[in-house]
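Here it is, the structure, as structure tokens.
Per-chain residue numbering starts at 1, and chain names A, B, C and D are given in the order in which the chains are listed.
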Amino acid sequence: MKNIFIFPLRIYIEDTDYGQVVYHANYLKFFERARSEWAEQAGMGIVAQQELRVCFPVRYAHVDFIKPAKVGQQCEVVSRIKEARKASLIYDQYLRLSATPDTILCKAEIKIACVDQHFQPRRLPESFMNFITENKRDD
Amino acid sequence: MKNIFIFPLRIYIEDTDYGQVVYHANYLKFFERARSEWAEQAGMGIVAQQELRVCFPVRYAHVDFIKPAKVGQQCEVVSRIKEARKASLIYDQYLRLSATPDTILCKAEIKIACVDQHFQPRRLPESFMNFITENKRDD
Amino acid sequence: MKNIFIFPLRIYIEDTDYGQVVYHANYLKFFERARSEWAEQAGMGIVAQQELRVCFPVRYAHVDFIKPAKVGQQCEVVSRIKEARKASLIYDQYLRLSATPDTILCKAEIKIACVDQHFQPRRLPESFMNFITENKRDD
Amino acid sequence: MKNIFIFPLRIYIEDTDYGQVVYHANYLKFFERARSEWAEQAGMGIVAQQELRVCFPVRYAHVDFIKPAKVGQQCEVVSRIKEARKASLIYDQYLRLSATPDTILCKAEIKIACVDQHFQPRRLPESFMNFITENKRDD
């Protein structure tokens, strides 16, 4: 496995708006789905988060809306961990068309923190950190 | 005050979809906003719910989508408590255009339950029941 | 193929609310995704709808919220066309847990109409009708 | 009138997620509501946009999530046009608590473009530009 995670999704009517393309805020939902699914595969899904009493709020999101995604299109979120710190992660994520993977529709740099149930910073769980480090090594 | 609550809202781009009108599921959000605001005014808002450790999940929603609401339109949710039981309420709610109040866009019958934090049924808090009964009497 | 369509999905954070379970309006989004995906497979997806200048607004939705869906759960939408008329379809749809398919979380009867770009009723496209009828015959 | 627009809103259950605070993507919806309402007051609302065949897609959004907004809280979006170019606008927007206006929950720099119905760049309509310039002068 590499330090990259690919998550497929189709654009549905719920995702679109009056402009007949994806509503801008919804790209952030696609990126969250991909991060959540990746965390799940890394053994750091919701059940694990509840056991360890941590959660991963978003600290910042820098999003570029490059080309509108249209209803019915089959897409992929490509995610990469750009930087892993003690209590935070920075992701590079983008959405591309499955049929023409060079067509990037939206990209973002997103920082998430690791916090406890009182929103206080916590070290990233060791197992999660190991998962990330091992994947990095395989690059 | 009467047994009716009127809640104004404008339709924004976030509410619409590819068909250039309000996405059908979003009418349920408008109805929730109105119920929440009414509960707030009845002293049964979120803070009170947390203190009493109750919440009000929706049991069923029967929604008729009559005429599409369009972006930019100024609307009103009209809410009425149709029936109050020990541990549940049935609301009649509809969305109309503010400028032409006879134009009903969407209407629903919605049943909410009163439950504790383990989703077990609970009697509606007495103060809330009194608020509802007094308003009924004023009709 | 049978007159039933099964659509898998996982519950993500975007789908949940303050009560830590799926926000009630979002079940309608899950049902829409499933109908859209089914239409796509029936050759009546968005591109075909645009060519034929039809769309399928929801006329009514009767939704029962039975048991809350939780974040991280792997689920399935099961869809069946209950009734096909000239210019409308009635769907039976429900959401169940993939791991324990007897656990039904939410179910709905949903009527969609077939309309042109001015929201006027239109006969369902013949190819779509044939697809539905053939599937019925296989039941 | 000043070069600042204040838009009040309350946080409802629809806005929250599993973490019991506002879902991060939804702050972008709040900012959109405020920009849309401002455009409406500037005579550049949806009807005017349709007549002039322009729309205002978001080009980028740099969002900082500072402090979580909670359900039931009364808030305000404060918006300012930081820079007006020929075919784009850069907004500074933030969300604060109405009761304690120094408490900033989320802030963003958001660039919108002016495009025609084929997503090609267009000059901002003159009346809108005049509105913005006059407000700037009053600062």
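Descriptive notes on the structure:
Here is the rule we go by: contacts are C-beta pairs under 8 Å (C-beta built on N, C-alpha and C of every residue); 3 or more make two chains touch, one makes a residue touch a chain.
The model shown is predicted, which means the values in this text are computed figures rather than measured ones.
Averaging Cα atoms per chain gives one point for each, and the point farthest from that of chain B is the centre of A. A comparison of the A-C and C-D interfaces places the larger number of contacting C-beta pairs at A-C. Between the Cα centres of chain A and chain D there is a gap of 25 Å. Centroid to centroid, with C-alpha atoms defining each point, chain C and chain D lie 34 Å apart. Chain C has its Cα centroid 27 Å from the Cα centroid of chain A.
In chain B, the positions touching at least two other chains are 13-14, 18-19, 25, 29, 32, 46, 71.
Put simply, chain A touches chain B in their complex at residues 13-14, 16-20, 23, 25, 71. By the touch criterion given at the top, residues 18-19, 21, 24-26, 28-29, 32, 46, 55, 57-65, 68, 119 of chain C touch chain B in their complex. Within the complex formed with chain C, the chain A residues making contact are 10, 12-14, 29, 32-33, 36-37, 40, 45-47, 70-72.
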